[in-house]
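Per-chain residue numbering starts at 1, and chain names A, B and C are given in the order in which the chains are listed.
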């Protein structure tokens, strides 16, 4: 390019109608969904640890699964929940499910039953859904003493005293693994209340925003493994050999990230040139 | 067409109504926004009522005769005094109960799991007990944590040595915030992918298009 | 009665919940479990209170025909519809879960998906390397953004992003965790002994 860049050009570039940016972002996500590139998906240490913790469960053992999210983040977390439950049911691991968010109840019902139907699991003996309980910290602590007293009935109003699975398992004592899939700080609080007070082994699926906050707990071993965002879900789907929405979303994720990086670069180059011109102009 | 099919078309229309905000604010978006608030509040209140009033109070007290659960209901009722201006003070009992109970069990757990365990995790392994690269990494974390805590210590002026260490702390914090930004972008893009997967994959597949 | 009573109640309950961690006494443990149960009831009713406030707000708007009252009709109608269908058909089947699956969930998900557009626009317009620290934030953000997706893995960026996440990021988050943790503990102590009362509202 000959000569100094035109200040007007950069001005125009920086004041571009934001709807143009919106359209470009929409295309960067939509096109790879319609025309997949099938980019290879690598594995991370934390996702491997999550898989290993699940893999260590033996047939007949029981795990607790907490759907700690609402529909706002289901795009990120549903793939983790579905993959984890498929993995559990495939290994004949029994599941006690609950949610600490009212909006999580509808999500949990859909995913639990989908995974259970795929593997021919029976409600009450192979899995149970306790539903939503208000006050997560009290719920986590109370479950350490008695799950049945914490949830006098299940989600479908059946007294928990009458549910066969809960006759055998009534606290963390008989639960080798607790999984929380969460969009909030609940991974940390399961570690603090269930892990700290009752020595419960905990793994977590976390939204990307939350994932960055749980690294300190993973490093100390308080959290035995975690999945971070949709990429974490894709890694885990690959580990269990069942591709789902996580794997399907990775091409779009890559393209959108690349585009945003390009946006940042353009913005900064324009900013630097503008500043240099300003200095030269004195 | 099945109810599920009708539901998916309705979901697609409402999804587009919300996306229409990207063009500009309009009545379709406003309608969808207010519908979302109303339907969500209705959905939540049913769960709140069942899980607290019925399941944690009525079932144990009246169904199982567990009278120890009775005070929970009384405290809950006190909370409703917030609705009357002159009697609002009564609800302070319920609020004080709730906040103080939380504070009580928070103290030992946070000290043990959040402060003590994290401090122990920051201490580097002794030389020879781990590969040198791991020890170097641990030392880096130690420097970062200490400098950040000094940066957060506002009781001394950030001048001289303290000021310099604080600058190191800010450097670590900025890298941390950068990582948070990267992950935030990832999260937001994933949510958009979810909606587009619904519009371009799930919906046509379900309707046989 | 109005001020001291709640503080005394708070002191007694807070102390019980605190000492339970240090004693195997069965009576204390049983009361501790009671308090956990009561807390859940209070919390649930507090949330119901929030929904009542929302209803009252929109109802008043409709009564006064304030600007945008027509939209408040939509909110109130949606709220009442969900309660009525839950009562008639039960919350487990019929229109109540159908509305969740096909109205609430997709709209809530889309509302948050909008943020992808705004974050992209903000990255373009406002994310500038104006200083050394801002440049550091920007570089770390870009490396993590690319290193955590398959495209970045093709050029080996995942190793750099993992290093950032495992070391400087971990140190930053841990510093914040410990700092906030100390703040939480000191605030909790002040609440139990009654020094901190602002949470009780005006005049406490």
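Note that a contact is a pair of C-beta atoms (placed from the backbone, for glycine too) under 8 Å apart; a residue touches a chain by one contact, two chains touch by 3 or more.
The structure displayed is predicted, hence computed values, not measured ones.
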Min distance from chain CA centroid to global CA centroid: chain B
Of all chains, the one whose CA centroid lies most distant from that of chain A is C
Separation of the C-alpha centres, chain A versus chain C, in whole Å, is 16
Cα centre of chain B to Cα centre of chain C, whole Å, reads 4
Distance between the CA centroids of chain A and chain B (whole Å) is 13
Multi-partner residues in chain B (2 or more other chains touched) are 22, 40, 43-44, 47-48, 51-52, 56, 60, 102, 105-106, 109-110, 114, 118, 121, 141, 176, 179-180, 183-186, 189, 191-192, 194-195
Shared-interface residues of chain A (touching two or more other chains) are 22, 25-26, 29, 72-75, 102-103, 106, 133-134, 141, 197, 208, 212, 216, 219, 228-229, 231, 253, 256-257, 260
Chain C touches at least 2 other chains through residues 21, 36-37, 39-44, 47, 100-101, 104-106, 108-109, 111-113, 116-117, 119-120, 123, 138, 141-142, 145, 148-149, 165-166, 169-170, 173-174, 177
Seen from chain A, its contact residues with chain C in the complex are 14, 18, 21-22, 25-26, 29, 39-42, 44-45, 70-75, 102-103, 106-107, 109-110, 133-135, 138-139, 141-142, 145, 149, 155-156, 197, 208, 212-213, 215-216, 219, 228-229, 231, 250-251, 253-261, 263-264, 266-268, 271-272
In their shared complex, chain B is touched by residues of chain C numbered 2, 5-7, 9-11, 13-18, 20-22, 30, 32, 34-49, 51-52, 54-55, 68, 71-72, 74-83, 86, 91, 96, 98-117, 119-120, 123, 133-134, 136-145, 147-149, 161, 164-179, 181-182, 184-185, 187-189, 191-192, 199-201, 203-204
Given the complex, residues on chain A that touch chain B span 19, 22, 25-26, 29-30, 33-34, 72-76, 78, 102-103, 105-106, 131-134, 137, 141, 151-153, 159, 188, 191-193, 195-197, 207-209, 211-212, 216, 219-220, 222, 228-231, 245, 248-249, 252-253, 256-257, 260
Interface with chain C, chain B side, in the complex: residues 3, 7-8, 10-12, 14-15, 18-19, 21-22, 30-53, 56-57, 60, 68-69, 71-73, 75-77, 79-80, 82-83, 88-89, 92-111, 114-115, 118-119, 121-122, 137, 140-145, 147-149, 151-152, 169-186, 188-189, 191-192, 194-195, 198
Touching chain A in the complex, chain C uses residues 21, 29, 33, 36-37, 39-44, 47, 92, 97, 100-101, 104-106, 108-109, 111-113, 116-117, 119-121, 123-130, 138, 141-142, 145-146, 148-154, 158, 162, 165-166, 169-170, 173-174, 177
